[in-house]
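Chain naming follows the written order as A, B, C, D, E and F, and within any one chain the residues start at number 1.
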Amino acid sequence: MTHAHELHRERAPKKLGFFVITVSTSRFERMSKREVVVDESGDRIKEAVIRNGHEVKGYTLVPDEKIRILKAVLDAILTEGVDVIVTTGGTGYTKSDITVETIRGILDREVEGFGEVFRALSLSDPKVGPASFLSKSSAGVIAGKVIFMLPGSPDAVSLAMEKLVIPESPHLIYLVRRE
Amino acid sequence: MTHAHELHRERAPKKLGFFVITVSTSRFERMSKREVVVDESGDRIKEAVIRNGHEVKGYTLVPDEKIRILKAVLDAILTEGVDVIVTTGGTGYTKSDITVETIRGILDREVEGFGEVFRALSLSDPKVGPASFLSKSSAGVIAGKVIFMLPGSPDAVSLAMEKLVIPESPHLIYLVRRE
Amino acid sequence: MTHAHELHRERAPKKLGFFVITVSTSRFERMSKREVVVDESGDRIKEAVIRNGHEVKGYTLVPDEKIRILKAVLDAILTEGVDVIVTTGGTGYTKSDITVETIRGILDREVEGFGEVFRALSLSDPKVGPASFLSKSSAGVIAGKVIFMLPGSPDAVSLAMEKLVIPESPHLIYLVRRE
Amino acid sequence: MTHAHELHRERAPKKLGFFVITVSTSRFERMSKREVVVDESGDRIKEAVIRNGHEVKGYTLVPDEKIRILKAVLDAILTEGVDVIVTTGGTGYTKSDITVETIRGILDREVEGFGEVFRALSLSDPKVGPASFLSKSSAGVIAGKVIFMLPGSPDAVSLAMEKLVIPESPHLIYLVRRE
Amino acid sequence: MTHAHELHRERAPKKLGFFVITVSTSRFERMSKREVVVDESGDRIKEAVIRNGHEVKGYTLVPDEKIRILKAVLDAILTEGVDVIVTTGGTGYTKSDITVETIRGILDREVEGFGEVFRALSLSDPKVGPASFLSKSSAGVIAGKVIFMLPGSPDAVSLAMEKLVIPESPHLIYLVRRE
Amino acid sequence: MTHAHELHRERAPKKLGFFVITVSTSRFERMSKREVVVDESGDRIKEAVIRNGHEVKGYTLVPDEKIRILKAVLDAILTEGVDVIVTTGGTGYTKSDITVETIRGILDREVEGFGEVFRALSLSDPKVGPASFLSKSSAGVIAGKVIFMLPGSPDAVSLAMEKLVIPESPHLIYLVRRE
């Protein structure tokens, strides 16, 4: 992929607005009790966004509940200046893990290759290896914006942000919005 | 993926019960005629199970027929002590290959990443290479148990057992069953 | 994958008939105005087919329109001697990119692993890297023939033809047609 | 619908084998405790089968559990001489009602019109009226046999048997089995 | 359907909370320009709710836009005391009609029979007749609540409210919520 | 449904172009052998079209084969002046009946209510009665045109044309094409 890709990169927006959604029932409950909440994965996403010259337009923490997850995604979409939404958590095979199934129902298009490429990258990461198949991480397009659904693990989040989300979001946003 | 994964591994069951299902019309016909049946792939699965300290709770050989495949899977699920079901055969693109399509219809959840990661591993295996895309091998969760649908080739079976099924089944079973 | 695979390769047809379909609104419009049309990706597919001893049975250029794409695929299927159809273009995330969604609706079976393995190969190609997740390239079986849906980029097309389509088509055609 | 339909009716089998499956957790629990179980709906199905000159080849009572329902259907299909399977129960909107969703996953084809026509008939039955929309009763074809999924209410069962299942099963079985 | 149905009716809640959502781009635009908006269908729903002893817990007017429709439904679900949501508009075959497709993506279960029974009733209503097939009106269950998606026509809304929504909602809510 | 419906009817096109497709392997084979082919259902559709002031823009006879059916539909769509396509045949439950499943794969939208309302009408027609559930007749929208998939029986075709297709096509075409 050559000239076209380079051209797209040139025309792609340089600075994007991100909205971060952490999906975690345990953290949500601590927050509801006004206890201290450590959200390392959410922090890593925000940190990567800022370090790369983009902007964090909003952040929210929701439990693993369908209605709350959907509400958070819709609020993010309706937030002024948001281009990219990143969720962390709820992508595994425990009964409560429903992030991907929930968000899939409202996507305009699923970005089928994202989860695959992320799992392929994780497979060759010695910290993950074959356990990479235990996440159903995915991505999609909705209302001219892009949403990435990442696992809850901080290391998985860092890998995805550095190798895929940060490098390719401007390009993908450009593609999704052009006529 | 770090502490959480390590914690899960610690709490995961150490010894699992496996049920092996070979899907092969030619072998089933030889068995029906009381001829000698060599089932190298089935044997390799059983051997890997035992060598790794798990237990073979049952084995059956069925033809590439929807009703027989479903019946075998249900009987396996209802067998006392079974945690993991492994099928071999029927994952290709010949008309008679229907194992994955058949079993997909009864899964609670498909483990979407399994087939992908298995094909990615096969791709870098010099004995398979790009031919890895000719299998539609997959995995899923049903009734608190896990089912892996492997190709019929003995080498493919060995690769899947060694790299994915044996190392990750305890972890996956732990995830699937916790509240 | 061993003896069976080798046996299949031996019995597989040595010379296949290919039909090439370029999906590109801009090229189609130039052609309609009788302007010069450069179709590098289409040319690379044809060149790879011929260089490897197969035959180009037909070629057509269509815009990114559902009805025209479907018509081109059906005409290709009905062309005497065609075994394999290769499309190029329309596999991205721009609104006009509809090749895969359109063709998926008429497949007998999708070859689920093709897009994955192609993206995994592209991921390790330094010219593409993680941008490989931006294509939803796929493949499928229809009426005893095989169809590959490749991206529009000439380099992506060359990679897919050399590593996957040319080496594995005879084998896949053999599998798809045997009883 | 005229000559063809009359011809089909003539050629259709006159005597069919039925298998009856009652899906009811409360009745299953009473049976498990060896208490007296009254299964009026199951009895009405059997009675209608016999009164119309057909044969009851088997009967089973299962709880509203996916694996048990599937097992019962497969055992029914594998029972010698069974042409038609009739289930009663589990077609409503209580969380435990899963009969239709479960069986749908293994059908070769759903008979889309059955539920509709049954609800239309129930709508004009003064005992049901508009409440007819509260059942998701359906039917389907599997392995050359037909399965009807009826509600648990005895009156609904009688209506379905008299107006639809008994009059049309021979015709449908004839259609499903001819080449 | 007899004793069970009568029993359910007895135990069903007598007074329900309704949320009304009118989906209409033209009315939304007039409202945005602070012009007078006549919403006869919305008014008929509210009037039927009140006349039958239930309560209107909220009302909103949204354009035929996916994100706005979803947001309105989620806000309704999260409104204290809401049992039933009724939408009017966007159920036809104009390109902008997307209410049913949009809401379908987030349902826990679709109430398959509702649209059918409503169309069957409309078919025998001389004001509609066969044109009843031009609406894809449906209903569903989400988060222990029920949602009815009615057409935009005031007469259609009155028919649905009188014959189906008002008489059957208490029963359906009872079924959906019991264990 | 009142003013809006009346307004739509007024603005709807008065004269439509129809394309008729008969799906029947037996008739196709007779035609291929240059024997006399009687196609009463096709004739009834054409006759109803003409008698009601519309125009027959084309007619074709195809066997019950996926590729031939799809090709005929696409050719019909691409025929100048065609607004409505009507197929007859292949809507039953014999293995060869694939018209609806085939065409469903290429629809932009299925007109979900058509099959239902047609079966409800057939149910109250003494010549059909409950056997109406044996057809999976449907309709859909594709590329700004409407397609009706009718059964092969001449009486069913007449009922559908008189009560649904002729009266409602202008209205439906108007809806499908307006912005």
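Some observations on this one:
Just so we're on the same page, a contact is a pair of C-beta atoms (placed from the backbone, for glycine too) under 8 Å apart; a residue touches a chain by one contact, two chains touch by 3 or more.
Keep in mind the model is a prediction, meaning the values are calculated, not measured.
Shared contact partners of subunit B and subunit D, listed by label: none present. Centre-to-centre spacing of subunit C and subunit F amounts to 34 Å, using the average Cα coordinate of each chain.
The geometric centre of subunit A is 46 Å away from that of subunit D, both derived from CA atoms. In subunit B, 116, 120 are the positions where the chain touches two or more neighbouring chains simultaneously. Contact topology of the protein chains: irregular, matching none of line, ring, star or complete. Taken together, the chains touch in the following pairs: A-B, A-C, A-E, B-C, B-D, C-F, D-E, D-F, E-F.
Looking at the complex, you find that subunit C touches subunit F at residues 66-67, 70-71, 74-75, 77-78, 102, 105-106, 108, 142-143. For subunit A in complex with subunit B, the residues that touch the partner chain are 92-96, 115-116, 119-120, 122-123, 127-128, 130-136, 151-156.
Those residues of subunit F that touch subunit E in the complex are listed here as 1-2, 4-5, 109, 111-114, 116-118, 120-121, 139, 141, 163-164, 167-168, 171-172, 175-176, 178-179.
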